[in-house]
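First chain A sits with chain B, and in the next complex the same chain sits with chain C.
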Partner chain A sequence: MPKLIIDNLPVEVAPGTTVLEAARSVGITIPHFCYHPALALASACRLCAVKMLDGPVKGIQMSCSLPAQDGMVVSTTDPEALKMRALVIEWLMINHPHDCPVCDEGGECLLQDFTIAGGHSRRRYQGDKRTHRNQYLGEHIYHEMNRCIQCYRCVRFYQDYAGGTDFGVTGSAGRVYFGRFEDGPLESPFSGNLVDICPTGVFTDKTGRFRARYWDYQFAPSVCQHCSVGCNLAPQVFQREVIKIVGRRNDQVNSWFICDRARFDKKGINDPSRPRAPRVDGEATDYEAALDALAARIYDFVEVHGPESLAFVGSSRLSLEGCLMLGELVANFDAASLSFYGDPAEAKGSQLATELLSGENVAAPADLASADCIVLLSVDLMNEGPMLAPFIRKAWLGGTKVYRIADPALLSGQQLPFDCIEAATLAEVPLEQASRAIVVCHATRTPREELSDVAATGARLAMLQPGPNGFGAALVAREHGARPFDELLAARKVRGIVAFESDLPVANLKGITVLGCADWQATELSQKAGVFLPTTTWMESTGTSINFEGRAQRFERAFRPGYPLKGLDAKYYAQSRYGEPAPGQPKTPPPQPPRIPRGEIPGGQEIEAWKAMARLLEKLGGELIVEPLTGSWQPLRDIDPEAGGERIFSLFKSSEPDTL
Partner chain B sequence: MEQVLFRHNRPGRVVTFKEYCDEGGFNALRKAISEMTPNEVQQAVIDSGLRGRGGAGFSTGRKWSFVPRDLPGPRWLICNCDEMEPGTYKDRVLLEHNPYSLIEGVTLACYALGVRHAFIFIRRGYEKAANNLAQGLIEAKEAGLLGKRILASEFSVDIDLHLSAGRYICGEETALINALEGKRPNPRSKPPFPATKGLWGGPTVVNNVETLANVPAIIAKGPGWFKGLARNAEGAGMKLFCVSGAVKNRVCVELPTGTTLREIIDGPCGGMKPGTKFKACIPGGASTQFLTPEHLDVPMDYDTVAKVGSRLGSGAIIVFEEGCCLVAATLNLITFFARESCGWCTPCREGLPFVKEVLTRIEAGAGEERDIEILREHVKYLNYTFCALAPGAMAPLDGLLRHFEAELREHIVQRKCPFK
Partner chain C sequence: MIPEQLKKTLEARVAHAFSAREAAVDVMKDLQFHYGWLTDEAVGEAAEILGLSRLQVEELATFYEMIYRRPVGNKMIHICDSISCWNAGYEKILDHLKARLGVEVGGTTADGQFTLVPCCCMGRCGDGPLISIGSTIYDNLTPELVDQALELERLSGSAAPEHQGQA
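Coming up: the complex of A and B.
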């Protein structure tokens, strides 16, 4: 363990730690542009200069590429180091356009911060600035090349980390240019990370430019609910509209990055046709009245048809709290049924995952990077878990062989950022020879026997789930004896359902009354429901979800729900920014909310699904539950949303009998 | 005077394969393969005191000795013929007259290093030299001196000629390796040095043309003989000097190491241009500091030139006469370096154009007193770059500030170039 002294502070770090990281560990930020923890060293910007006063090397050194060694005495504030850093800033400012007021990066710009910190304020260079032509990079990213400070982060991310091939660097000396060979949309499904990784405003988010400044945004640590990987991200919200979404670090799950779907797909949340008001038989009402109506209808229904003909239906979109509350609701009726799944394959697969996986045989996304054999088993990686791809690429670059057992029905045509060896069956893959093999599969597609065989070889499993909280829903399904909806249909007992954030196809519901539906999307089911209860989206909710590897992660409410304060301005909504309005919804957005002082937010009656369930339960005569995480779930109450999440396997030590 | 590299030269044409062989060519290779072990060849090169002729002046034999011989996978040898430093043309003259010494030298180095495949990385503009080499490689192969089982021994080596796409930075050894791999010619960070991790991750030696061309003579006649060629005790062997600028004859000559500047100018160059007086010279290509009349009797060897604050470099001497504006000369050199920066690190990419802008202004009569401070800052802080390009580029500017600050000030005070 090297011991060194940085600015008079003694520091002890792990071998291989750089001086810059060592300084960081004691709270000293050495300015840097090209250094990024997730990328290979470049040592290009020369901003992280420090002076080595004593030790194996002396004088001005670049701290980002200098490994900490015993006996080093480092000064980050030596006049010579400060002068070097001031000069680097002056050099970078020679060609930077100083257009901060009209730059969307302003306020969240590393270059601004370090220019101010570096003390450069007067221009001594008297020549012209070099200018570049900008490129059209598609509908998501705006390119403003004049701002570039040539830190090479973008190209190191795009080519080396993400495996993209259509973006790179051309030219030399002062004419270095970062772009595509010709104008056109960026092809990589990870291209949006250029916005995050660029230390200045070369790449800005076209879907949210010029709407607000950094200090205007409401932030919260959130977890993506598009797929079961559970990438950490943070929505940037201004006046109740999600303007941008940025990646959030979680070394085990998504490193620093998120895929383009997570970043740019804000449609559902900002959707102008999103149902905001509770409805009873199509008439808007307030939440209390709607809950009363639903409770009365359920009561009547049970009186007439008996509790065995009632089913409560959820989905893997529900948070863990939602799933657990749904279980409580069902427990309130003696013979009512619970279902989380429309599709029996989904039920079976998710259930299988909870039975098969343990803390020992499950693989986190980051584990893929150090695997020595990887198998893609009937999985559409770029749609079902895209953020696994960069980790697999990293292993592949290190010489790991990646096998693909393709399912012809799944070939999405998307290119993988690594080469695969095609195999027909698992038997062709030399799993036994590997010591850190990982099989990436999908819970719904591979038979139990085959996966048990895989687990027996010692290979670990990355079993992707059909829904973002599929693993959590499956655990609750097991605990409360949930059944696939098809089974309930086949038994012909169910005559009425109450659905919470469910995606059941309406076509299956012939002869079944949809008593109530709670959702934040305008689903078909919500159109058919007698009572509709609007719920909050995951960005407006605090809750827990469990990703495919059994990692419970807390997400926090980024903003209170309601119509965007700015009104649903046609300028922003008419350009199909959020897609076409749903069928039956008006083409023009709802009017500007009234600017009269009052306590409640217009269109802001939504509550979290589990709270809607809790209130319904209270109205049905049950006791009011204010904390759904009880019993063995209790430890999950204290999860720190910024600490990377916790594996839930320790909560369930003994394996429970198969209840499906 | 005894010639080593130019021994086989024919005036106005390239020496033929037969002529080269008749004059003892490839005997060194025969001797090495039949009588010497690879280690003995390396030891002979170490003992000879041969130092890298590309400019850095590092002991060639010691550079070879850093290559680990026990790693799995191939080792590589690259001959750096990307000669692009302003003023330097010695390798071109050498190869346009005789490609065989280099081919034999590369083969010998491969024998010493256990290399199976070598590359000659040649500047794109050197078409004649490249043609000579290509022809020479065919002839050597046909004569069984190259390729599989050379001279019926177990030793095999192939040499590939690679025409560079053409940038000055490709002369930096790690940038050259990147270029050869088909990547952008950005230098790599060191360590790891190419000797342990170079081309495609394998141990790699990169040597200059002149360095390798000296090896056959060292093997044929012995390291003691080679060392004795020098004029000074520390020196070793002969050195090619290519002179340009204000001399009567601009020549490329082979002279013993340690020959003084005065002897070079007055001897083979026939003195200064009629009616001119020596003012300064650059002793070893554009990235070395100016020498002044007081340095005329300095022996031209690595350590002796370094002692007076400059570098022997590539031995490319550019002579300036009295009345020649050294600010303009420095500006000319900086313009070259600013253009040839690879664009990787900030100080080089942005600092060199800054210096160029300041010098342009001073030369045009728009200089200010504070500009001298700017120039001094750059001389100091452009040392902290990723590779040696920018520090090299600052050498003439450093020399200008050290020896000719008065001239620089004169530009600023008079608000014009005093020589115009």
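Coming up: the complex of A and C.
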């Protein structure tokens, strides 16, 4: 372990750590542009200069590419190093336009920060600046090449890390240009990360440009709820509108990056026709009244039809808190049923995963990068867990063979950023010869026998779930004996349902009364419901969700729900997913909230689904639950949303997972 | 469209290379020889032969000084504008060339004979100022020597751009 001294502080680091990283480990930030922890070294910008006062190398050195060694004495504040960095900044700024006020990066710009930190504030260069033509890169990313400082981060990410081929660097010397062969939308499903990774404003998020500055935003650590990978991200919210979404570091799950769906799909949350008001039989009312009505109707229903005809339906969209509360609601009635999925394959597969997986046989996304054999077993990777792809690519670049057992029904035509060897069955894959093999599969589609075959070889499993909190829902389903809704239908007992954030198709519900529905989306089910309760999206909620590998992650409320203060961007009206607004909903949200003095936020009656359940339970005669994470779940209360999450397996030591 | 035969030759060249990128320069040069310059069509063909994207071919094509992504004259004149030649007074030579040819840097003469472009060091820094015309280097230049060189090259007729720079 090399021991060195940086700015008079003794530092000890693992072999191979660079001086820049060693400094960072003791809280010293050496200015840098081209260095990025997730990317290969480029040493392109020359900004990270330090002075080596003593040791194996002397003088000015680039700290990002210098491995820390015993006996090094490093100064980051030596006048010579300071001078070097100031001059580097000055030359990088030679061609940079003076456009911070009209640049959407302003305020969250590394170039601004390090220009100021580097002490460059007066322009000496009087010559012409080199200029470029920008390209049209699609509807998501705006290109402004004049701001480029040639750090090569974008191309190292796009081609090397993400495996894209349609964006790169052309030209040489003073003419280098970062773009495409010709105008056109970027093809990589990870293209949005260019916005985060470029230290300047060359790439800005077109879907949220010129709406607010960094210091205007409300932020919170959040977790993507589009698929069961559970990538960490942070919404940037201004006056109750989600303007942008940026990636958040989690080394085990998503490294620094998120997929384009996570970044750009904000329509649902910002949708102007999102149901904001509680309704009873289509008439808007207040939350209390709606809950009273629902409780009364459930009470009457049970009186007439008996509790066995009542089902509570959730989904893997619910947070863990929501799933647990749903369990409590069901427990309040003797014979009522609980269901999280319609399709038995989803319900059973999802539960099977919770039964079979343990801390030992489960693989985290980042584990894929160091696997020595990878199998894609009937998964549509780019839809069902896209952020796994870059890790698989990394392993593949290092020589790992990737086998694919394709399911013809699942070939979405999306290109994978690595090559696969096609195999017909698992038996064709030499799993036994590998010591760190990982099989990527989907809970819904992997039969138990196949899983036992995998387990016999010692390979680990990355078993994707049918929904973002599928693992959490399955654990609760197990605890409370939930059943697939299609089975309940077949048994013909259920005559009424109360649904929470459920996607059950209404077509199946002939002859079944939808007593109540709680959701933040205007689903078909919500249109049919006698009582409708609006809930908050995950960005407006605090809660827990468990990703496919059993990692419980906490997300925090980024903003309080309600109509956006200034009305929504016109584009959201044009593209409303839901067509006509629901009865009782205004056609469009008011461009300004009504100017009436009042205590609460207009359109802000939504509450978290679990809280709606808790209040309903209280009205049904149960006790008021203020904290759903109790019993063996209690330790999850303390999860730090910024600490990477925690595997839940240790919580259930008593109930050993089934052996495979 | 390139002739089937050329395509086959190039594919064989790629098949023998350690990696497709290793063969990229050869492929681009042959296509340039065929078209006179590396046209957009040629970039597409190179991409197909090499198994790269068009952008990835463009990355390589625009890096190399002797791959031309715009139409050029029969012979290329490269004038070194790097530091030793600058010390030796290359600017005078450049002005003279521009006047004689009636073109700016990057331009092609009206008769399509010459295209004038700068380049960064030909590794003969002690002999500056210098230029290359086609594959011949002319060093220790004075305006008079430039005139002689141009005369000589005019007489020796056309050389396809592919052969330039292969001294």
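To be clear about the criterion, the second predicted complex is superposed on the first by the 626 of 660 C-alpha atoms of A that agree within 3 Å, B and C clash if a C-alpha of one lies under 4 Å from a C-alpha of the other, contacts with A are read in each partner's own complex, and residues count from 1 in each chain.
The criterion applied here is as follows: a residue touches a chain if its C-beta (ideal position, glycine included) is under 8 Å from a C-beta of that chain, and two chains touch if they have at least 3 such contacts.
Everything numeric in this text was worked out from a predicted model, so none of it was measured.
Trainee: Put chain B and chain C onto chain A via the superposition and say whether they clash or fit.
Mentor: On the shared chain A, the partners clash.
Trainee: By the touch definition at the top of the document, which applies to A:180: first (chain B), second (chain C), both, or neither?
Mentor: A:180 sits against chain C, while chain B stays out of touch.
Trainee: With the two structures laid over each other on chain A, which partner does A:124 touch: chain B (first), chain C (second), both, or neither?
Mentor: It touches chain B, and chain C stays clear.
Trainee: State whether A:551 touches chain B only (first), chain C only (second), both chains, or neither.
Mentor: neither
Trainee: Quick one: chain B or chain C, who's touching more of chain A?
Mentor: Looking at chain B versus chain C, the one contacting more residues of chain A is B.
Trainee: With both complexes superposed on chain A, which partner does A:171 reach: first (chain B), second (chain C), both or neither?
Mentor: The answer is both, since A:171 touches chain B and chain C.
Trainee: Would you check which partner chain A:83 touches, where first means chain B only, second means chain C only, and both and neither mean what they say?
Mentor: The answer is first: A:83 touches chain B but not chain C.
Trainee: Taking the contacts chain A makes with chain B in one complex and with chain C in the other, which residues are shared?
Mentor: In the superposed arrangement, which is not itself an observed complex, chain A uses residues 169, 171-173, 175 for both chain B and chain C.
Trainee: Once bound in the complex, which stretches of chain B touch chain A?
Mentor: My answer: residues 167, 169, 184, 189, 338-347, 349-351, 353-354, 357, 361, 370, 374, 377, 381, 384-386.
Trainee: Could you pull out which chain A residues touch chain C in their complex?
Mentor: The contact residues of chain A facing chain C are 165-173, 175, 177, 180-181.
Trainee: Can you check the complex and tell me which residues of chain A touch chain B?
Mentor: Listed in rising order, the residues of chain A that touch chain B are 41-47, 49, 60, 62, 65, 83-84, 87-88, 91-92, 94-95, 124-127, 149-150, 152, 169, 171-176.
Trainee: Quick one: in the complex, what on chain C touches chain A?
Mentor: My answer: residues 43, 52-56, 58-59, 62-63, 120.
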